[in-house]
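Next come two complexes built around subunit A: one with subunit B, the other with subunit C.
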Partner chain A sequence: MRPLAFVCICAAISLRASATDVAFRLVDAVGAPVADAVVSLVALDAPAKISPPAEPLEIAQNGQEFSTFVTPLVVGTTVNFPNEDKVSHQVYSLSPAKKFVFPLYKPGTRGTVTFDQPGVVALGCNIHDWMRAYIVVLGTPLFGKSARDGTATITAVAPGFYRAEVWHPRLGKNETREISLAASDITARTESFTLALKPDRRIHRSPEGSGGGYK
Partner chain B sequence: MKLFRAAFFIVLPLLARAAGADWAPNITTNATWNSNATNANRLSDVIGALALRADLASSARFALDTDDAVFAGIKLTAEAWPRFDGLDHASLGPRLAWQHKFGLGAHAPVFSLELGGDAIAAREPARRARAGSARVAVRQRLDNATRVILAQEFSRHDTRDFVFDRTGAETSLEVVRDLDERWSLSFTARWRTGDVQSYATPPRPELVALAKIRQPNTTFDRPMVVYSLDARSLSGGLAATRTLGSDTSLTFRYEWRQTERGPLRYVNQLVSAILARQF
Partner chain C sequence: MAWFRFRRFSIRLLALLLGLLCVTLATTYSLVSSANDASAREHARASLELGARLFETAIRQRIDLSSVTSSLMSADDAIKQVLLETPIDTKTLNSTLASYTQRVGAPAITLFDLERNLLGNTRPDLIDETEGPFAYLIRRASEREMPENNGFSYLGKSRDLHALVVAPLYAPYPNIAYWFGLAFPIDRAFAEKLKETSRIEVTFVSTEDIAHPRVLATTLPDASAKIVADAVALGRRTRAQLTDLVLPDVPAKALATEGDHYVTLVKTHDMVAEDPISIVLQIPLGPELAAARDLESFLIVVSAAALAAAAILALLIARGVSQPVQQLAAHTHVIARGDYKTRLALDRADELGQLADAMNAMSVGLAERDRVRDLLDKNVSPEVAAQLIRDGAALGGQEREVTILFADLRGFTTLSEKLPPTDLLALLNRYLDRMSTAIEAHGGVIDKFIGDGIMALFGAPVAQGDAADRALAAALAMERALADLNRELAAEGRPPLGIGVGVNTARVVAGNIGSHRRLNYSVIGDGVNVAARIESETRKPEHRTNLITSAATLAALRDPEKIFPRLLGKVYVKGRAESVEIFAVAAG
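Showing the complex of A and B:
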């Protein structure tokens, strides 16, 4: 057993030592950084093991908005939807990856859903049409979300062949690219994507002024 | 004046207190230039005037089930005419609406039935009134950026003096298109049949023949006669709205309106700036 254990430990150390970070730099057509894009690496030679977090994630409703606009997570993750608002909400999804609708629920209560299929889940509130959020359910544990500066980093990626994927709510089709990470890649790798984003067509929240009327 | 006192010392604190619940208070302020406040068809009688208006409304939502909800609320309105203060008035009244959504999501069509009633206090005693209205509307989003609202409204306005009574039925179609994250454009077409008041300097035998009732009037600082008659109005309006944050919007609106009945034909052009805020 001892020689076998030694070999395993050495292999693990070797793998860890050869793992590298993959940084993503995302810009739109005019070079502006793109936030809230989900980047992921799908292993093409050996599927990566997925282990959903033991604790549920949380997407709250506050100020008649969802607390996070885009949430990437792995298949099998459970999400709580607490209503931290002053008004009732009715959160729903009509997306094929996970269809659900909560009954109208009051402040201080919450709903819970486990996302068991990969895909994009668009969340809405049946009371407040402007409320919108996305959950990107991934079949890989290697993922990240771009910050306001348009960068995202996936850390400790083992050598191998991967398909890099980029998703964004205003992207018609995922941007993909195959990349190869060699054991000799010891410095962080940077992948740059220029995204052709559609116009932002979210429903306006602000009130409408009416006019006219007869006298 | 009793109405004003009731509004400020009773209704507003109640609204403020209730704002913490499922209430949705909002205020809309509106400055409108009316090119023909007298609804006159002779150039010498046409008088343009500015009206300033504020609406404070709040309603609570009560869910009946997944698709149905009832809204109960109250609306307070004050309108001032700086040049012709005889038209100043304020109103206060309840609002009740039933809304049915045909399915789930933002793109499901919404049907609503709205009822309203108002007690109206006016600077000119003859214009004090009680008013009521019923409105049915269907709203459909064609996509995230475009929505259409088709509505039919019946209204009645009973004043202390019959000449200012108004009963009318109005059909309207509104198309709203969001241009980008901040701007939206809307087009509204309205068709109304019902009572209007047209002011003219006598003698006007052709209006006398048309009018249901007429009465001398000095609201516009000159001796005129107000004629109450049944007429048809067609109007088209174009509005551009800019969002100012998530709860405020500023709208610039232009409306062209033509009213006619027999030989009487007059046009109103209304230019408005509207600031709306949702609390």
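Showing the complex of A and C:
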């Protein structure tokens, strides 16, 4: 890149003073956008301060599904699991980051869990095999979740060294990349990741009344 | 080769037919037998390949069953309740797994966490390691995903062969929280089950220690399995392919006392981090060949029957041929004896029938020839007849020197007036018979009878060197014969007969004279007339002789000493310029 052009771009970014946005663009091996990926930045020089939200988050059970498939949150966040369904549920997790189970709870009741360990928590329901959700418990406040177009943006990131991490349920292990944000970076930074996703395995929900099966 | 000659046609035909049939049948039998053997082996080999696939399928089914089992186990609430506790209560977990072994019929079930630490185990006697074959399989399965979730391994102190399967505990699917490890033994029971469906003998052999191969499981008796294991080890060492093995009798298969051939197929199966094991699949050839052996015995029976039938047929054919041949041979003897009247009756249309017909036709021909010859003999002189038969009745002739004899009966004309015709003819024939006998006795040929006269030839048709001598001797003999006849006639009270004989020697033309329909062998020429003329001279009383010859005849004599000629003078013959000197002849 020619020096003059580089300077011009830097000048454009510096409009937002000492913080910048980091945009993630996620595609799979065939170039299709990847949704429901959790992106995060782990500060390498000075750990960022974590402040869990005061209000609990909510992942409802409705229509025999979890309301949210992937929920990124910081350590210490409390999540409510209200049963807004017509049937009972038995939501559980056997993930080392948080093992729990809500013994059979009826519609209108709810379970509550505070996630106090970083890690991925796979949620299932002992009654409905196809119900699945993920909670990614993060030790950093800098995170985001990719939308359908495969992009996620973490706003107002202070200059410094970071490890960018990408998690997705179909990734064998997290994609990571170290990035450096200079004070002079004034425009949005775009990090592109091509993710090698595993085949999309899932239990197809059986139509009511008919015999179900694995596919 | 003398021993190879058969005295009888029937034996030869029998030997030929039976020999050919034997060769054909033996060849057929050996071809069928070897084809049966090859096909039985081929069939056995195909069965073994099928058995090998059956084995793989059986293993695959176990693995699939384990996968289903695992998914059922991972959907079970009880184990999740146990696993929710931190730390996990190992005793409770083990008893949970133990109840699963009852529930799903898996002999050994273990549980590992994602770091491949052994959390639970129903068979501590078999499984005590953490980084063992299960850990290896879990790592491989997580890296490459399914279906590389299974393998063979030795477990326990006795290192028994087991098939291992790892299957994830999903919480929820497809999120793997733990790994189940299932083991089921590849033991005699498993092998027997395989044999039940395939009838194939199965032996699993470990050649870890090539000097001491180990039978891991087998359907064979221990002694046979040991032989198989040693053969496999030997095959490994020499890199020889093992396809056939003779094993001692298997109980209930007492087909061969020395043991049976086992068509053998050796497959190898990979182990988890160990040398591959050998899976030996075998089918005894005996039962496989039983149907073929039945067929072969049937073939022998059929062959024996065919040989017997062929023997009978050959004898019948031989009789059918040799009997008429013998008849034909006998008939040739009949013909040789001169019996041309007997006919051979062979009622058949084949070549022998044709031969019989030909022989009959020959008899007819021979009889005809005999008849013709007989007639010829009576009508012409035997010499002429012989010449006719030899040379055929060709017209034409040849010039040769011949002595011609003419004889005439004196006083026949007066006699013919006195006697009735039958007596006359009888007397004439009696006279002619005596004269003919005298002529033929000296080699003369009666040319023809001219009324009471006789013309005879010497030196034709068969040339004679002493024709003149013979002719004169014959003439003298005729005189003597007539003297004899006259004595007989005197005794009968009849008057005596007189004779005049003229002999001349000359070159004449001899041959068959006449038309195509009728021929006479005769001579023509001046000499014939001279002979007749000389004969007529005997009538002259002044000559005082009955026998006159010419100088030419005297000149032609070979032995003139026996003859005493007396010159009578010269006579002239009509149409001839020269006169002929004539002589009276008397015996010396």
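Assume the second predicted complex is superposed on the first by the 190 of 215 C-alpha atoms of A that agree within 3 Å, B and C clash if a C-alpha of one lies under 4 Å from a C-alpha of the other, contacts with A are read in each partner's own complex, and residues count from 1 in each chain.
Everything below uses one rule, namely that a residue touches a chain if its C-beta (ideal position, glycine included) is under 8 Å from a C-beta of that chain, and two chains touch if they have at least 3 such contacts.
Please read these numbers as outputs of a predicted model, since none were measured by experiment.
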item: Partner chain(s) touched by A:V101 [first = subunit B, second = subunit C, both, neither]; value: both
item: Touched partner set for A:V87, first subunit B, second subunit C, both or neither; value: first
item: First (subunit B), second (subunit C), both or neither touched by A:I179; value: neither
item: Subunit A residues touched by each partner, larger count belonging to subunit B or subunit C; value: B
item: Touched partner set for A:A23, first subunit B, second subunit C, both or neither; value: neither
item: Which superposed partner A:I50 touches (first subunit B, second subunit C, both, neither); value: neither
item: First (subunit B), second (subunit C), both or neither touched by A:N126; value: both
item: Partner chain(s) touched by A:L171 [first = subunit B, second = subunit C, both, neither]; value: neither
item: Contacts of A:K198 with subunit B and subunit C, given as first, second, both or neither; value: second
item: Footprint overlap on subunit A, comparing subunit B with subunit C; value: 90, 92, 94, 101, 124, 126, 129, 201-203, 214
item: Subunit A contact footprint on subunit B (complex, rising order); value: 20-22, 24, 26, 28, 30, 32, 39, 61, 63, 66, 101, 104-106, 141, 143-145, 166, 168, 170, 176, 178, 180-181, 184, 186, 188, 190, 192, 194, 196-197, 233, 235, 237, 239, 241, 243-251, 253, 255, 257, 270, 272, 274-278
item: Subunit A to subunit B touching residues, read off their complex; value: 65, 86-88, 90, 92, 94, 101, 103-104, 124, 126-127, 129, 199-212, 214-215
item: Subunit A residues touching subunit C - in the complex, by the definition given at the top; value: 90, 92-96, 99-101, 122-126, 129, 131-132, 134, 169, 198, 201-203, 214
item: Subunit C - residues contacting subunit A, complex; value: 71, 75, 77, 80-81, 83-84, 86, 114, 145, 169-175, 177-178
